[in-house]
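Note that the chains take the letters A, B, C and D in the order they are written out, and that residue 1 is the start of every chain.
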Amino acid sequence: MKSTRNFKSQANSLAVQFYNVRKLTLNLTEKLSDADATVQSMEDASPAKWHLAHTTWFFETLILREYLEGYELFDPAYPFLFNSYYNTLGDRQPRPKRGMLTRPSLENVLAYRNHVDEAMTALFSQLMSEEVLPLVELGLNHEQQHQELLLTDILHLFAQNPLKPEFRPAIPLPVKNEASSPLTWIDFEGGLSKFGHSSQSFAFDAEGPSHQYYVSPFKMASRCVTNAEWIEFMENEGYKTPTLWLSDGWDIAVADDRQAPLYWEKKDETWWSMTLRGFQPIDLDAPVTHISYFEADAYARFRDKRLPLEYEWELVSNSQAIEGNMLETNRLRPAPARGQGITQLYGDVWEWTQSPFTPYPGFKPAQGAIGEYNGKFMCGQYVLRGGSCVTPPDHIRATYRNFFHPQKRWQFTGLRLAEDL
Amino acid sequence: MKSTRNFKSQANSLAVQFYNVRKLTLNLTEKLSDADATVQSMEDASPAKWHLAHTTWFFETLILREYLEGYELFDPAYPFLFNSYYNTLGDRQPRPKRGMLTRPSLENVLAYRNHVDEAMTALFSQLMSEEVLPLVELGLNHEQQHQELLLTDILHLFAQNPLKPEFRPAIPLPVKNEASSPLTWIDFEGGLSKFGHSSQSFAFDAEGPSHQYYVSPFKMASRCVTNAEWIEFMENEGYKTPTLWLSDGWDIAVADDRQAPLYWEKKDETWWSMTLRGFQPIDLDAPVTHISYFEADAYARFRDKRLPLEYEWELVSNSQAIEGNMLETNRLRPAPARGQGITQLYGDVWEWTQSPFTPYPGFKPAQGAIGEYNGKFMCGQYVLRGGSCVTPPDHIRATYRNFFHPQKRWQFTGLRLAEDL
Amino acid sequence: MKSTRNFKSQANSLAVQFYNVRKLTLNLTEKLSDADATVQSMEDASPAKWHLAHTTWFFETLILREYLEGYELFDPAYPFLFNSYYNTLGDRQPRPKRGMLTRPSLENVLAYRNHVDEAMTALFSQLMSEEVLPLVELGLNHEQQHQELLLTDILHLFAQNPLKPEFRPAIPLPVKNEASSPLTWIDFEGGLSKFGHSSQSFAFDAEGPSHQYYVSPFKMASRCVTNAEWIEFMENEGYKTPTLWLSDGWDIAVADDRQAPLYWEKKDETWWSMTLRGFQPIDLDAPVTHISYFEADAYARFRDKRLPLEYEWELVSNSQAIEGNMLETNRLRPAPARGQGITQLYGDVWEWTQSPFTPYPGFKPAQGAIGEYNGKFMCGQYVLRGGSCVTPPDHIRATYRNFFHPQKRWQFTGLRLAEDL
Amino acid sequence: MKSTRNFKSQANSLAVQFYNVRKLTLNLTEKLSDADATVQSMEDASPAKWHLAHTTWFFETLILREYLEGYELFDPAYPFLFNSYYNTLGDRQPRPKRGMLTRPSLENVLAYRNHVDEAMTALFSQLMSEEVLPLVELGLNHEQQHQELLLTDILHLFAQNPLKPEFRPAIPLPVKNEASSPLTWIDFEGGLSKFGHSSQSFAFDAEGPSHQYYVSPFKMASRCVTNAEWIEFMENEGYKTPTLWLSDGWDIAVADDRQAPLYWEKKDETWWSMTLRGFQPIDLDAPVTHISYFEADAYARFRDKRLPLEYEWELVSNSQAIEGNMLETNRLRPAPARGQGITQLYGDVWEWTQSPFTPYPGFKPAQGAIGEYNGKFMCGQYVLRGGSCVTPPDHIRATYRNFFHPQKRWQFTGLRLAEDL
């Protein structure tokens, strides 16, 4: 997170970025009612209001209280209400009870954002300590993560509602014109290479340190698995064949009676699903999404393939531009693949890899609260790569490691197949 | 529920009652935000918005759809959303998910109320079928029950919030002037008498039929147990002495680490509790409330007394006027006892009796949906008598049987002691 | 429990009874292996070894340690291991972990029984304190209760085993000759009468005090509901019609997917069930058993009848001799009804009544450990009357109140219908 | 699993091995009663009788039924009773209900073993198919795994018993003479090397294929962490400092109130623990054991060190003989470290590594039932290396990958520290 660029210009550019990120968060929530923004639909999800406030609390707590002389808390109760999981930073509202906070109102929370944004403006106008810039950068990346979570959490909330509300109005998808490009396979030689983040630019701590890893030769699928392909899996008893599944995954599939991806429903012989654009027919050519690691892994076995390693994915990404169907397209749903060679690497769906989320060799969390950011979650989760249709495009990188528990499905999670060569 | 009074005047008076009851419900919710009205704080509680809509659904479903020609549903989705537990009336939103309904908004629900109220006005202006009046009466009494639940559910919600919001602004209690009258004991002879509802006026089905029961001679306490007396129980290890407790109650007390009534918290050596008027010091002279049957029963054993039978309570009530600290005083908290003889029989706190909620001899639930009102809950619950500080005064009767599970505490539940003579 | 009979002869007769009861317990367990006697098949059940030891502990703790000078504990660890639920008598092995006690072995436990029996013999040969006799009587009745539990617990254990072991060898039932007598109805006038135990002879505390109760006129079925009748209920969607069920019962039936009585299995289009005589075809003419209160209650509603009150049952029993298919017939299964008028009142199956298990007016538990015997369980359970095919015949009485939670099914529980007149 | 050695001599040597392994299992259970061998103390553990029968079922199902002409099942019910988790091989007794099987008796199970051993003898005397030898080898290694589990499961069962039975009589440990050798650190260069099993000799499928991996330079501790060192962790609030813990681990530590390793109890100011030799004082110089991955990981953070990767452990093992305190010493407890350099690599305690149990590059499970052996468990577990004080010494290898869930503690699990160089 160190920087050798000209300090002042870096501060200015960060200030601009600050206003952009903060404004985007507001845009995402502008159609939500106070009630929409307050309810917590499950323990994994958080209310939109909480996302709005928690991202603000991050700037207040880690930057303003430390570095802006004379800064006054907007409300002395908020640090308790909006701390997420930082034991170093004190007690907090228990996670499963974030949805009890009908007060402060959405209006109060927006005022809180204003208060903090103004204080940040004051700070930007000062000669800031050099330690501040990396914290601002972290705060912005943190807020971008919450932008994505805010959308997946709202989708989950709306999916619980029999009225099936739209987050954004439906657009008829030009399905005819969007046939997916065919599945092809691309060979990669592998070998011993450097992986992980190594440049001066921002990255989360878990993306480094840069280190060597030996990759065996492999093949990678040209695109993600589509809904049409997934329906073949379903129609060939994929959800009913225990030998395709990891043992833990099978137990969950049986216990929860999982027969299709999350949000799917059959209506008059056709599959539909809940989306941010309301209840819609399944787009057969688009990548399947809202599947767990267990489902992805079972599907790969069904095709006699496997999930890629995160190292394989990163190797493939070396030759790829960071572009794709992400938040700025405002489609808010995965789109069919286009073009030749490796496609859909970025955007559309987070791709499950078979790599558990573990520390890279030499990884040490930072001292203090920031050290709690990623390190303490390095157990029982799997790495996903590439971002999704609701990831802010300037947030994603080739080295970016997202991670979720293998049974989770409410994120835009999908898969791409790989194979030994 | 039959009537021999002049039909037209009865209809008119019912119409007036209708407007009053409906208006009171609105008054109770007028300070609630959309978010306050939407969140469900536990499975036992329902959102205020849901109470507003469900009581409206009751009139729509049981009266308007049957008896108002040409009535059109406000929204075809609402019957699913706002049915509570009537299997006869179709499927419904699962009880634990009532809080997921951020839509319809509070505004929509208020429009729904208007729609139904106008249709009811149309119905009142017609020559109504004679079957309708008892249904209107039932609907109003149903709504009054929900007025009380709405308040206890809001209290529970606000109690989960570290900001401890006030439902109504605190009023300084004139504690000095309100010392409770001393506890005395009144003898009753008992004998074989008639119990249960027998007049023409409205009562719920479970209050009848009228039947004979033999009561042995007994003594009844002149007033409810006070907070000061309860603190003696606490200070004498009442919560730590298993031999005072029913076996199931002890298991719950240990598992949940219950050491005081619900909502109590110690602050600087004094007991405080969450109330509808915010976080307040305990009023030592007022009746203890928010206690379970198990706590009430253990307290009685601690004093070498017992809880009354519901028959004993009803016998005592014969000589008493229906007056007390109820919803119309707007105190919204129990008040110290005043006067001589039996006091506090009505209002302040629902009094746990040792009578399980069972059918009276000869009880038969009505055919159809109305038959599901009470009968199917006659298992595992105890009868409470007398109403509370948030019961509408024209809702309570000597024969009124409220009922809750013995471990529940979020209602205004308290106790009065009895003893064999 | 007081006695005015000649003390010495009473002591002698009790000594004889003591040897008989203790011997019967041994007979019941003689075919059980150490393993059979050790495993606990669910939290409600206890291992046979535990029953053998706990009944022995009762004599040791309440009699020998108090009244036999110089008595030495067989093993100082046993009081902890074999106390059931008496808080007054110290800590104990947690109930769900009774099955962890592979040591002491069955052999050790039998030696423990010998040790205590010899000490009891020494006590019987002395001039005993007059307080002792009622305790011995209580201990014997306590052991008889555990004889029945031992059998129902073994049945439950064996039912978990795919080998379906026989507790006693199967006897071919003379099914042809045993057609059940037809169902008739007998009228009873009711009125105000005395109920509960009043004589000098032994009864459990919960059977008294004797008190008056007013019973309305009613009809009682001549016999219990048969398996054939129960199959009609099943074939008429009885298990799938929520309006027949109490709300809590319906929730359990759905959650556990209850479609038939406990232990029933369909095999080649016929119903079979696990019994103490192995896996056997259902005896269509015999009373249905292993049903919960909820099932019994739903069945009664299906027939447009109701369950009797315990007072009604007791009134009917006044004219009946205490005889029937009980433990001494060694059939170990319910048998078809025989004869005219009220039949099967005693034996065959415990009959669910609609009376919750509550204290009779004036009931006060004894001081000390004995006071924990029944009183603390007077919540959430229902009274059953009449004994079953595994009840020792000298253990049952007209006033006997057995009690279980309404969802339980592993006892020999059945039903008889009643109706208002 | 292929072999190029002389087939006949290989078969003979395998037959000898077969008798030895089978006999050792019997020796381990010879002091167990039928009850000891039947009870299941938790879902993770299995009854000794079940281990005896399941290992036998393995030979019967995978070898005798396929390759011995005319083989007759000992009992047609046993395949259902004693299948563990092989979906390919049919339905089975549910895992949590293995302890319900009081029948067949221990005697029957021993007869089953005889029956199968005799059939195996018949098979060994024939000209066997070449496919059989690897299956026998697998069956023997499978049985050796169950020998260890049998011991850890018996220890868990006995630990639930307040009598704290000894599996083998206590031997006074010569504590004075056994001071642990001091902790030193040994440097390793790392680099790109081959890992995993590559020879002709037996290994489990998950140990291969052999593949390259790049290891960064590191230091390894000379011995395991001792009980004395662990007590320092405890006394320095190790169990109360959330920042030392992985998030999931902290949640479990709080929920289960974990304050010490499993089986530890404080008695008169000293720590004792349950062992296979009864309840014994903690041996301060011996390696700590019965700790979870979460505890091991927190300890490493407390010392500012880390757990080794499984690759690091395997690299270190290259220069080490396979010797140590294993099952054949009959100590049945970890022993203090002796000597210079890397010690205790084999035996004493399984060493938690920070490597999740994932497939090696190129890993493919076998077709059929054997493919279910390891592959389907490759999720959510961590690799442990080196064997323990109850591992048969001819069962362990440098490439051996044991695996357990990170919260489990009932195995002989301990740790050795590592550090980046």
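Everything below uses one rule, namely that a contact is a pair of C-beta atoms (placed from the backbone, for glycine too) under 8 Å apart; a residue touches a chain by one contact, two chains touch by 3 or more.
This is a predicted model, so every value here is computed, not measured.
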Self-contact between copies chain B and chain C, residue sets same or different by half: same
Centre-to-centre distance between chain C and chain A (centres being mean Cα positions), rounded to whole Å: 59
Chain centre separation (chain A, chain D; CA means) in Å: 38
Where chain C touches two or more other chains, by residue: none
Touching pairs among all chains present in the structure: A-B, A-D, B-C, C-D
Residue numbers on chain A that touch chain B, as the complex places them: 33-39, 41, 77, 80-81, 93, 97, 99-106, 157, 160-163, 165
Contact set on chain C toward chain B in their complex: 85, 87-88, 192, 211-214, 216, 242-243, 245-250, 293-294, 309, 354-356, 358-359, 361-362, 371-372, 376-380, 406, 420
